[in-house]
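Below is one structure. I have some questions about it.
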Amino acid sequence: MLLPQLRSAVLDANLELVRRGLVLYTFGNASGIDRERGLVAIKPSGVPYDELRPEHMVITDLSGKIVEGTLRPSSDLPTHLVLYRAFPNVGGIAHTHSEHATAWAQARKAIPCLGTTHADYFHGPVPVTEPMTDAEIASAYEANTGEVIVRAVTPERAMAVPAVLVANHGPFAWGPDPAAAAHNAVILEAVARMAWITFGINSTAQQVQKALHDKHYLRKHGANAYYGQK
Amino acid sequence: MLLPQLRSAVLDANLELVRRGLVLYTFGNASGIDRERGLVAIKPSGVPYDELRPEHMVITDLSGKIVEGTLRPSSDLPTHLVLYRAFPNVGGIAHTHSEHATAWAQARKAIPCLGTTHADYFHGPVPVTEPMTDAEIASAYEANTGEVIVRAVTPERAMAVPAVLVANHGPFAWGPDPAAAAHNAVILEAVARMAWITFGINSTAQQVQKALHDKHYLRKHGANAYYGQK
Amino acid sequence: MLLPQLRSAVLDANLELVRRGLVLYTFGNASGIDRERGLVAIKPSGVPYDELRPEHMVITDLSGKIVEGTLRPSSDLPTHLVLYRAFPNVGGIAHTHSEHATAWAQARKAIPCLGTTHADYFHGPVPVTEPMTDAEIASAYEANTGEVIVRAVTPERAMAVPAVLVANHGPFAWGPDPAAAAHNAVILEAVARMAWITFGINSTAQQVQKALHDKHYLRKHGANAYYGQK
Amino acid sequence: MLLPQLRSAVLDANLELVRRGLVLYTFGNASGIDRERGLVAIKPSGVPYDELRPEHMVITDLSGKIVEGTLRPSSDLPTHLVLYRAFPNVGGIAHTHSEHATAWAQARKAIPCLGTTHADYFHGPVPVTEPMTDAEIASAYEANTGEVIVRAVTPERAMAVPAVLVANHGPFAWGPDPAAAAHNAVILEAVARMAWITFGINSTAQQVQKALHDKHYLRKHGANAYYGQK
């Protein structure tokens, strides 16, 4: 069996989404990539989470050709592939319909950075994509979902803002590996929920000042990070 | 004992409503129909869920006459029967007071389709019924509840929009079998919750464009569906 | 030990409040009365719920004199006693700081009847008391809390509307016995939560029409009730 | 090993924050102080809660010098130290990103006292700090976080209002010992949630009158307290 470690990591990322309450029934999917071999492992489509085993993960190449696996891959696979091709440092991707992030996506509003919880993970607002054109929806819909994400995030910003809201759909999050992708999806949901409540308390709440935003992001990321035990 | 499989399916659908948090105490009820025999199985009224067994389900004909069972059927049975008679492809019905769908019913607002989670299941807004007249309430109230549902949904739309909000009351959902009815009730509650949050974020949020709505619905339904393992 | 059955019923009512998530730490209290003997059993003050045993319940007479028990009764005992004296058919009382009912109390708004869940239990709005005067607060505060409740509800309405919101404080609920009091407290919290969401969806949501309100209340209460197995 | 009892108390306070749902992943930290020896015990940075043992707590002096421990202390240690130096009766401190208190902090709004739940614990509004200047953020950020807290609360008010919202960041709570600090953090979150809902119901909700505020606070605190079994 190809890529047993990646299969396990992808399965674990999918299950983390369930454990954290981001998933209803079979919604949502996580994947991971082996950059050396150019192979992606992704959850199969529509299989109940409690039956998922590493061997159920579907292995494809970056064009979507199935290399190993008898189940259909998640129908969102083409979106994942566009992101892996456009964002070279991404090692894992998670897609959910988690309810607060999805509500922001349905509202077609970027989530502004209102506090340090957001700033610890996302260096700037979490953007929302443009709506897709009818033509983009009619043909290669899932791949075009990836394209509107790439336009909203840009490859330069992909590691500093590892999530996006697809307009009228829901969030995608990513990171250096599948566990980080799932972790960022969980944080995004918490940030989305707190932003909703914040505006409920103060409809003119302001983004954090740049100095505070940078401080928190750089406490956790980059050469001068000093959070945790590393 | 008549219809042991249908009894089990109806019991499972009732318990799924409980597992998913849609039910408080003994509120809510699910039923199923055997179309060949014209017999309906429904939860008895006011029995605690943890005591329910398949043999407690009450079997009636389509006029409401009890064919087998010593307990009273759910007091909403006449509503179910009207729907089974009006919607010939419906095989199961679930009624709850799940809190977000009920809030939309109390607000007397249809739930517009704001995103793909909704579009995956409901092809158009989830409608709200007209208020019932005092006369409809005074006599044959539960059957008349069915009648206002049929007027709001219409038989032509019943399978494409398998749920409704009864004004100032709560949701009914249905599907080809009792499990699908419960499943749609669970999705409806999630969609109702996300729609509430979406309008809290953006009071002028818009419905999804028709192309996206159709795309998602048809990914999962109809001859060209490509979601899941079928 | 006096009144072992009442002690158990009062303990169960207190634990039901915990099981249903209405209680944080030691907030909240439930009591019951033996009308023949004129004796009340109530939770002791500030004891963790998981240590509570029937023998910890404090027995007092209707003037508040401790008849049996070594622990201090709940500090809200004088409120309970006023209600038992004013409402002769009440057999149990539950007080919580459950968050949505408390929010309505803090908002100093009665909860209007917006739907059938409310109508099934409360025949009219759940009223909010007038604020207490400084003099009422300064002396015999807990007894005066009972007095403002009696003025808001009136003895004539006490069994038809078995709950009240004490302004800037929280809800009291009651019923023919301690279990019914706890049950009504749980329903009140659900109704309060749904009413909040309803107004979030439609700020001009209207009360249910009288015919529907009466129909649902009378389906469950009174000589012509036809809900449940009785 | 130094201070085994304080280590256990600090660990318990950290775990209480987790049990009550105030903590996501490794966010949040609690500490305690031995005033006689001038030593502080605090959670290490970024260690998963389910692996925490008393021996992982880091012991420092009031200047932040590590006296015992091989792990890095929480990066918020300098904030805790400023508070221990400024508030001489504080024996424990808890910091979380609990979602409703954090939303108020992000909204830069003090939480007004809307009811008796608040009044039982916080004698006045829970204040929000001024935003920090860019210079305060650039250098000694965590210590300066402590300084803005001290300016917002003042040492005179620290025991009567044992919590604060750091603007665009989140809450700190404290008390005579670590357990009380965690307890106050839990109450603060409940109070913050109820205040949000209250204003959702009534946007012009008013603070409780002074007589009621004093009554409830003094029922539980000070020489004439009469709540609980003491």
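Lettered A, B, C and D in written order, each chain numbered from 1.
FYI, contacts are C-beta pairs under 8 Å (C-beta built on N, C-alpha and C of every residue); 3 or more make two chains touch, one makes a residue touch a chain.
Bear in mind that the values here come from a model prediction, so they are computed numbers and not experimental data.
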**Request:** Can you grab the rotation angle between chain A and chain D? Superpose on CA, round to the nearest 5°.
**Result:** 90
**Message:** Looking only at residue numbers at the chain C/chain D interface, is the share used by both copies over half or under half? Answer same or different.
**Reply:** different
**Message:** Quick check: how many Å separate the C-alpha centres of chain B and chain C?
**Reply:** 33
**Request:** Using mean C-alpha positions as chain centres, tell me how far chain B is from chain D in Å, no decimals.
**Result:** 46
**Prompt:** Can you list the chain D residues in contact with two or more other chains?
**Reply:** 199-200
**Residues of chain A touching chain B in the complex** = 24-27, 44-47, 71-72, 75, 97, 99-100, 102-109, 131-132, 134, 137-138, 141, 168-170, 196, 199-200
**Message:** Looking at the complex, which residues from chain B come into contact with chain A?
**Reply:** 114-117, 183, 186-187, 190, 193-195, 197-202, 205-206, 208-209, 211-212, 215, 219, 226-229
